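Read through the structures below before going on.
The following pair of complexes shares a single chain, subunit A, combined with subunit B in the former and subunit C in the latter.
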Partner chain A sequence: MNHTTKNIPTDPKNCLTDWVPVGLTNHIPRGAVVRAYIDQFDIAIWRGEDGFVRAWENRCPHRGMRLSYGFVQGNRLTCLYHGWTFGGDGICHLIPAHPDLTPPETIHTHIYPTCETGGLIWVALASMPAPAPVIKGAWTPCRSLHFVQQITLAALLADSGLSSTPLTEYAVCATRKNQTQAVLAIQPMGKHGMMVHCSIASCDHEAALHDTSRWLMTRRAKIEDTVPE
Partner chain B sequence: MTRTTIDQPEMRIDPFTYAHWYALGRKEDFPEGCALNTRLLSHSIGIRRDTDIMSITGPQGRALPIQHRYGHVWTSLSDSPRPLFDIPEFAEPGRRLVTVGGVRVRCSGLRAVENFLDMAHFPFVHTDILGVTEHAEVKKYDVKMDVEKDEIWATQCQFFQPVAAAASVAGDMVHYQYRVPHPHSVILYKSCPVDPDAWDLIGLFIQPLEEEECLVHSFLLVFDDNNTDTALLHFQQNIFLQDRVILENQVPARLPLDPRQETPTRADASSIAYRRWLKRNGVTWSTTRGAEIA
Partner chain C sequence: MISSNAPCLVLVAQKWSDMKLYDYVLSGNCYKVRLLLHFLDIKCTLEPVDFYPGRAHKSPSFRRINPLEQLPVLELDDGKTRICDSQAILIYLAHKFDPSRHWFPVNEPEKLGCVVQWLTFANCITAASSRARLHDMLGYTCDITAARAHAHRAFRHLEDHLCHQEFNGINWLAGAQPTLADVACFPYTCLAGDGGIDIFIYPAIQRWLRRFATLPRFHPMPGINIR
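Entry: the complex of A and B
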């Protein structure tokens, strides 16, 4: 590999103040829960029927079960292990083993702020994060790709001939030679490598989605020295 | 998989954990002429069987004690192990013993014991077999210490089950007792579907391989003339594989002994007693206390 490797913050304090992209908005439909990493932090991300995305520490406060194995009903998430059910605010509303008990409000999950902009879902690990990013315009989710190693945005775009402007520490707006505009965002996942999420300026052309997706795969192949799929 | 051989075991393993006997498998798992290696408490040990004579060697080629009980082969790293607990029901006539064989699980063996003690997960993990979500309540039960034998008993346990055992035909309130006579072994006494006055036994003899990996040997000792061994085996395997999904996804993988780390309720009374008992006996191995000390 000929690119300079990464300088992504792995110190949680560094990472904590920033909003990190964790997926495309259409990656998590209503009623779905998925698991995501930000650095070494294991996170359950889910979307209620109300359309809001929530991000929680991936651990039930009761017996430590990963909440990403749970299931969404309405605007609540239920843990797979004992059915403890948490509202969107993270507070436990139901302990099925004690159906007549109103659980004390002290029983809750650890919640992280979320936002959606630029066709992406973002999570901040800090309890007092910087203001949420706002990426103006209409964006269509295009593709998420896994990279085995963490690299910087600069390394991702090096020698690609694209012009780019930074949006956040983890995202740029890039303009390709064919004038397609794309948001390229990286999600550092520690030893699990990284995800690159890409959305494009909304347009009528289905072809632009396929073309941009192929471009991103070619970039990865070049960077990882492998044959494209 | 990271495997570290520790040459000074006594430095890492608390005396209570170190002093016990551990099951390594069934005699038939070690056929004549075999010479194989396994792990026990992060130590490599060798098992040989020439004709009918078995021998087990531990660190530095030291010969380890061996005994055959409860359908399994047992050993200990200790030269003077605590006596293996008694299960008098093994001597009762009319019971059938079915041994399941080892299932490897990437978690603390202590987490596996605790999961076995837990009734509240039946409706969610063993849905429509050991529980249904409409009857998820765990009624109050008793937990007591048998001080003389230094073991935990949970009694007066009852739970609604649609298919409590392979021999069940309809849902019913099932009565349970749990017994923890050993940090890595647990026995369930379950009301017998074919004889209301008898208890069926189901138990786990856990072989702790590493602090976050174990081999779970289990058995059924039941009154059941209708089901084949294979049917009983499949029932037990099905249940345990459902539990494995949970066990491999609990964070942290080691059992927390600090009561502030997790949030129990009254239904967890047996789990609370188990954690306290481990703590009182100075257990650190395979717990988060061990991780802190290391």
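Entry: the complex of A and C
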């Protein structure tokens, strides 16, 4: 089934109970914040100095500025617009316009659970998600590619000569003949298309990274040439 | 790194020569030049041109400075010679003021070829990304869908290249150190969002932008807020 045909409710709490991959672990170093989409949901993802990844609705509770424009200091994220500063738990700790005020705990960002496994960062939109995925083994991040169209994992792998084992709804472990094992994962982004994230079994040569990337690029070209926009 | 003392002395002497840059603070092409002036610590007089709303680059007096009616223009200290086109200005400045030859590696032909390839490519990025930005920010008319599609084609190519560089442990477009290629491609990649071109779908580009912003003597321009 094509993902786009799914009837997605507008309240994320009621939809997608599954964990969705949003990037490779090395894409968000300590102190960095990035923007990601899961379906139509806009998300700010950042890593504090403590190494933990946080995913928040990309909307400041103050005036709605994108939190992905903000900056990370220690384990806090500060909104670029008026400097409201939120802790790793999403609670607002500082409002620069009222420096003496302790903000009430009711002022907080909307937070989503995150985990890291298989060389990937995962986010769950549901407030009661399925258990976090665990992908055994050591994996080296390879790369992420943007696809203009959103397709299913099955369509990504069809006629590809890969043998694959499902890991989650969005990821498989795939092996090409005589080649490195890879985790292939898709991130549906609605009108923004999709990202395909890939990590490969560790202890491999850098040639395996190039080789895997070339394979993915060929795959992308083939799919984008055949699937109408 | 500076290889010997002699060129260093020349550098210091020349750094204070009096050039003039016809400049507009919100122009990414002018920003390229200002970036390199900072990196090389070169003093240069900035001559602001009222690009918007004044359209001073279209005035008869500016047309005498650059008949193409474009910014930036670098006027050399003879007060006569003028260099137009940001890439050309970068090459002039690096050749004249960087004795280490890192920014423009004229003594390494293979690397030089790569750098020039990306300098040319920077013009593709600019043509598409800057057009979309002028459309969204200043209300210029253009085929905005085509401009954004062109920009995405360029950024996908840049993304693939940067990924493969990273596999080899190389952080920059044309080698282990930043060159003019990085300076030329940085501004309109970083400013793409102003033209409605989402670059969060290019992770290696974002990593490269972050690395660039941590270079010593880097300074941002309005609209650029990475750290």
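Of note:
Throughout what follows, the second predicted complex is superposed on the first by the 209 of 229 C-alpha atoms of A that agree within 3 Å, B and C clash if a C-alpha of one lies under 4 Å from a C-alpha of the other, contacts with A are read in each partner's own complex, and residues count from 1 in each chain.
In this text, a residue touches a chain if its C-beta (ideal position, glycine included) is under 8 Å from a C-beta of that chain, and two chains touch if they have at least 3 such contacts.
Nothing here was measured: the structure is a model prediction, and the numbers come from that model.
Using the contact criterion defined above for the overlaid structures, shared-chain residue A:P61 touches subunit B, although it does not reach subunit C.
Shared-chain residue A:R219: touches no atom of subunit B or subunit C. Contacts of A:S144 after superposition on the shared chain: subunit C is touched, whereas subunit B is not. By the document's definition of touching, of the two partners only subunit C reaches A:H210; subunit B does not.
After overlaying the two complexes on the shared chain, residue contacts for A:L80 are found with subunit B and with subunit C alike.
Shared-chain residue A:R47: touches no atom of subunit B or subunit C. Applying the stated contact rule after C-alpha superposition, one finds that A:G193 touches subunit C and leaves subunit B untouched.
Contact with both subunit B and subunit C is seen for A:Y69 once the two complexes are overlaid on the shared chain.
Residues 69, 80 of subunit A lie at the contact with subunit B in one complex and at the contact with subunit C in the other.
Only residues 23-24, 27, 32, 34-37, 68-69, 71, 80, 143-144, 146, 189, 192-193, 195, 206, 209-210, 213, 217 of subunit A touch subunit C when the two sit together in their complex. Contact residues on subunit C toward subunit A in their complex (touch as defined above): 156, 159-160, 163-164, 167-168, 198, 200-204, 206-207, 210, 225, 227.
By the touch criterion stated above, subunit A contacts subunit B in their complex at residues 42, 58-59, 61-66, 69, 79-83, 95-99, 101, 107. Within the complex formed with subunit A, the residues of subunit B that make contact are 114, 118-121, 123-125, 133, 136-138, 245-246, 249-252, 256, 262-268.
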